[in-house]
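Next come two complexes, and both contain chain A; in the first it sits with chain B, in the second with chain C.
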Partner chain A sequence: MLRSIVLAAAAALASTAVHAQTLKIAVLGPMSFVQGENHWAGAEMARDEINKAGGINVGGKRMQVELIRADTNEIQSVSDATNAIERVITRDKADFLTGGFRSEAVLAMQEVAMDYKKIFLGAGAAHSKLGANVEASYERYKYWFRVTPVKDTDLVRTLFAVLNTIAQQIRTELKTDMPKVAILAEKAVWTEALIAAVQKNLPAMKMEVVGTWQPSATATDVTAELSAIDRSGAQLVFTILSGPVGISVGRQMGERNMKAVAWGINVEAQKEEFWQAAAGKAQFVSTLDTLAEVELTPKTVSFVKAFKARFKKAPTYNAGTYDAIMLLKTAIEQTGTTNADKLVPVIEKMSYVGAAAVLEFDKRHDPVWAPGKNTGIAVQWQDGKKVPFWPPNVKGMQPFKMPAR
Partner chain B sequence: MLQDILVTGLVNGGVYALLAVGFSLIFGVARIVNIAHTAFYMLAAYAFYTLLVKVGLGFLASSVLAVAGVTLFSVLCYRLVIEPVREHEAAVLIATIALALIFQELMLFSFGGNYLGIPSTLEGGVRVLGVSIPYQRMLILVVAAAMLTAAWFILYRTRLGLAIRATANDLEVASLMGMNVHRIAMATVAISVALAAIAGVVVAPVFVVDPFMWLSPLVTMLAIVVLGGLGSLKGSLIGALIIGYVEAITVFAVPAGAYLKGAVALAIMVGVLLARPEGLFGVAFEEER
Partner chain C sequence: MYWLRWGWAELKNEVVVLPSRTLVLAWAAALLVLPAVYDDAYVLRILTMTCIFAIFAASWDLLAGYTGQVNFGHALFFGAGAYTSALMSHKLGITPWATIWAGAAVAMLFGALVGYLCLRLRGSYLSLATLAFPLIALGLLFAFPDFSGGELGISGVRRLMLTPTANYYIASISMLAIVFGLWQLADSNFGIVLHAIRDDEVAARASGINTPRYKLTVFAVSAAAAGFAGALFAHYLRVAGPSTLEVALSFQVVIWGIFGGVATIYGPVAAVFILYPLTEWLGSFKALGELRLLIFAAIVLLVLLFMPRGLTPWVRDKIETQCPRCKQRNGAWRSVCRLCGAALKAQVAGAQRLVGHQ
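Right after this comes the complex of A and B.
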């Protein structure tokens, strides 16, 4: 009996010792959805890489990384997301936080994280307000850093740069001076500024806007919109879509054998599952993206290959949790502490070469948009494969294709 | 633009009509407020996807198994969930909402929140009046017409149809006349869910399959059945075409307001109901009784 008690006590002590050697990182995401799957997969890649190498060196002491999987269910419920982050902080005693996808939910989770002064490395939400909070109230929000994607207004810069390239190709191939562009944007707050920017700037870029169509983000049928766009003679459909309507657009454009080519933001088209979801009809649909087997940084190709080998699919930008955790490791080893207040100024000054981009942060703790460092990429679906085609100077890029006429 | 509206409205109206037939039968004729109706449509779409894409059965075998499986399952659900509370409409409403949410969460758990695509049964398309229409949508129009005819035939040309209409009209009198009202209600549920399942199999290939796909058609179906007049199959068809055309007109006339097409359709429904509370064909339905 006594022997059992002693053994149990020893086991408990050993367990406590093991816990003391771990660094708990909560991965927050909608785990039933592709976004959450990628959050978790990216974090697992980072955890295994770090632990295999002996852990994180915190002031001479090696600490293993322990991940906490937190299903925020944020696509369906913002309150579920705040409950999840509260739970990982108070019950699971998470040291750091990463993930998040839906801006509304991340804004709410940001508040909870800041209440507890926990470093939160965002890997999914693009809304400017997240960074604006840091600038407006630095002492409260300084623990927030956006690792990926670049903020919404910077996404526009990439969109226009790629649009210019495609328009030039249309001018050459279709022998027209003013390519006709139809704007197809879901009705949502986040698209309003983008639509206004496109409508304002396209004439100056020598393109004609033939109309703006705004279906619901959850529309499953856009045949009426596409009929109208077909009738308008548009050669390019500028998409601003984040919901499942992106699949309907891709599929139904293919079914209608439309000659116009789609470019823009189509979040569903960023996913590996898009081609299947669109029943193999989304030929030549193109979208802004983050990761592909191209040399964005010296780490990109090896990361994407390792991810594909392990998970049998390509990563989406939410797998940026990998960069977030690796960046955190670098910062901790540099400072020799896990103290959030001491880590913040170090992260602020870092120039970290990640798998998706070279990460540097501005005063809003947003990643700095810079060609050659952090712009994102453009990809096009060609015969079932997501083919990267922009920025053209990056090794591994392939040609953008137009539908046959 | 006129030809675009004519063709697009007809095709989309056909899609809605196919979805509305079964709903009209269960909600309008049998007066069972089965909110889970479109959830069965979702289940059929998932079953069809699994059998066709995952298992690799052909289109025909997958369709038959999906429709038969979901129909049998609906009978089980009726016996276990609806029948015990059938006499209390509010309880039926709540029970079927619960059923639909359970189905939704089960699909979310089993397949995740990913959007799934089902290959078209018929590939290619045709141009009508300069408007491109995929064959799959033409198939929906044909199936919708066939299902409307079949539903009408069952209701008005068979003893079962007579019994369904009789029990819907007066449950107690039908029971006193020797009819097994529970069995008739079960048959009504089976027929209507079979129609929903057929819709799931035929319509799902033009949409995407996801755990929440039952919500949007539910609202549209309610609007169509109420607009057409409770219990009138003819009303459902006309209601479906009206909604299809109103949506097409909205998109073509106000491109930037395309997202309003559902709201405009519902506003027209409210307008019709204010003028004719019984719906477009409600009086004819009463006379038919």
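Right after this comes the complex of A and C.
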């Protein structure tokens, strides 16, 4: 009897000790969707890498990383997202939080995380408001950091930077001073500010806007728009597309043998399945992206290769949970504590070399946009492969190609 | 002392005599006592959300269940309340204690407007027309992003209270008060007229009932309750966004209504109290993962298959019987009616069999 009591007590003590040596990180994402899958996959890679190396050194004590998978269902319900974050904080006793995707839901989750003073490393929502909260009310929102992507206004800076590079190539190859640009944006609210910005800034960038076409986001036939773009003599089609229309544009530009080349946002073209979906005709379609097998940082190539080997697909930007957790590890080892208030000033001053970018934070706790450090990349579909071509000075980038004339 | 005596008499003669009422009393008491015995922040959050959605579901039932105006766009009123309260509180700096009433008032106006525009529509035509209104509202919100916050909505909305317990009490007491109020309304002469309009509007009009006035009133009252729920939602989550107007929310309330049992008020409330925590509970099992929505759908389908009138009427029929003479309800264990003394069990069952053979 006595023996069994002693054994039980020892087991209880042992389990407490194991628990105490674990650092719990909650991964919040819409797990039924590709965004959540990537949140989880990136976090798993970080966890396994850290635990294999012995864990995180917290003031001389090694702590293993334990992940908590939290399905926020945020694409369908904002209240589900807040319930999920409350559960991982109060029930699962998460020490840190990462993930999030839909800005409206992340804003609501941010409130809960800040109530509990938990460090929340965002890896999906781009809206500026999340960072604006930090600036407006620092003491409350200082626990929020956005790891990826760069905020929405910085994404536009990348779009224009790449556009400028392509325009320069068009000027050289086609011997023209004012490249003609057609704007092809899906009919949606989110595209309107972007269209206005493109129409306003292109003349100053010595480009001529020949027209704006706005098909439905779900259009399966864009023949009318592409015919008109052909007739306008456009050399570049600036795409602002998030819906399935991106596939139709890619396929039909190829079918029509268009001489104009497409650049911009085309969410469908970021996916691995795009080439097949566009019936192998989306030659030279290019889009904004985040990760590829290029040396954005010394860690990028090995991360992307390891991710592909493990999950049989390329990572999306939501796999930035990897960088978030590795950054957290560095900050904890630097300070020797898991205390959020002590970690915040350290993360603020960090310059962390991640897999997707060199992460430095501004006063809004947004990642600093800087060429050579953190801009995102541009990719172009060439003969069935997604080929990265921008920023041009990065090792591994390949030339941007134009249709033969 | 008089009130104490009156309360005791009511409790003894009107509540404890019926199992359904005893259950409701126990449930209400449990809701009010819960934070004192189990002060878990997560549970309180789930129950706070449950209470808010229970108001929303009950408001739908008054309109769709009692009056037969099956609204497929009820989220319009929820969203109108949420946005009005959030905008007034956030942009004008008015205390949320005032703006939640303003949210309900604006939702009521929306209700009257929708009711007026749909006065001549019935059945599926009415349902389809109402489906369009939240979509129009969404379009307007997106058309004026500087005012509405566009696709992000209004965030950083002020809280009503700071602690989870206080927020829980705001939601639960509001829910109990509104649901009881709606139930009383539905149980009054007004409710009988609504029944008449649903069952045969032409006959109701022929009886001298001003049916358009009743329909407009019920649209407005139902919308006001939904708007109040929306306002509570916005101040609790601190966000009022397009999700408050989404079609999914409009259909969610229809599921709650039909699952719990329409034209009861308490039915949809019971449905929310079962289904909302159940979905959340299923989500806490990592093994179930993303299957929780499938399980949820299966449970709803099974209940509707075996309980076609909804869950609460089925349960009520099991624990209570209706007197064939005076139509009053009695506990299932009684053999004679508590009011008129008529036989309840064997004779009624025999009569039912006889009717069946004919």
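Quick note on the criterion: the second predicted complex is superposed on the first by the 332 of 405 C-alpha atoms of A that agree within 3 Å, B and C clash if a C-alpha of one lies under 4 Å from a C-alpha of the other, contacts with A are read in each partner's own complex, and residues count from 1 in each chain.
What we mean here is this: a contact is a pair of C-beta atoms (placed from the backbone, for glycine too) under 8 Å apart; a residue touches a chain by one contact, two chains touch by 3 or more.
Just so you know, these numbers come straight off a predicted model, no measurement behind them.
Using the contact criterion defined above for the overlaid structures, shared-chain residue A:Asp48 touches neither chain B nor chain C, since it reaches no partner. When both complexes are overlaid on chain A, the residue A:Thr212 reaches chain B alone and has no touch with chain C. When both complexes are overlaid on chain A, the residue A:Glu360 reaches neither chain B nor chain C. When the shared chain is aligned, chain B and chain C each come close enough to touch A:Ser32.
Contact with neither chain B nor chain C is seen for A:Glu293 once the two complexes are overlaid on the shared chain.
The wider contact with chain A, measured as residues touched, comes from B rather than the other of chain B and chain C.
Shared-chain residue A:Glu255: touches chain B; no touch with chain C.
Residues 32 of chain A are contacted both by chain B in one complex and by chain C in the other. Chain A makes touch with chain C in their complex at residues 31-32, 69, 71, 73, 76-80, 82-84, 86-87, 90-91, 103-105, 107-108, 111, 127, 129, 133, 189-190.
Here chain C touches chain A in the complex through residues 40-42, 45-46, 49, 142-143, 145, 150-153, 155-156, 233, 237-239, 241-243, 248, 280, 283-284, 286, 289-290, going by the rule given at the top.
Taken together, the chain B residues at the contact with chain A in this complex read 1, 4, 7-8, 11-12, 15, 108-109, 112-120, 125, 131-132, 134, 136-137, 205-208, 210, 212-213, 216, 247-248, 251-252, 255-259, 261-262.
Remark: chain A residues 30, 32-34, 37, 75, 186-187, 211-216, 218-221, 223-225, 227-228, 230-231, 244, 247-248, 251-252, 255-257, 268, 271, 273, 276-280 touch chain B in the complex.
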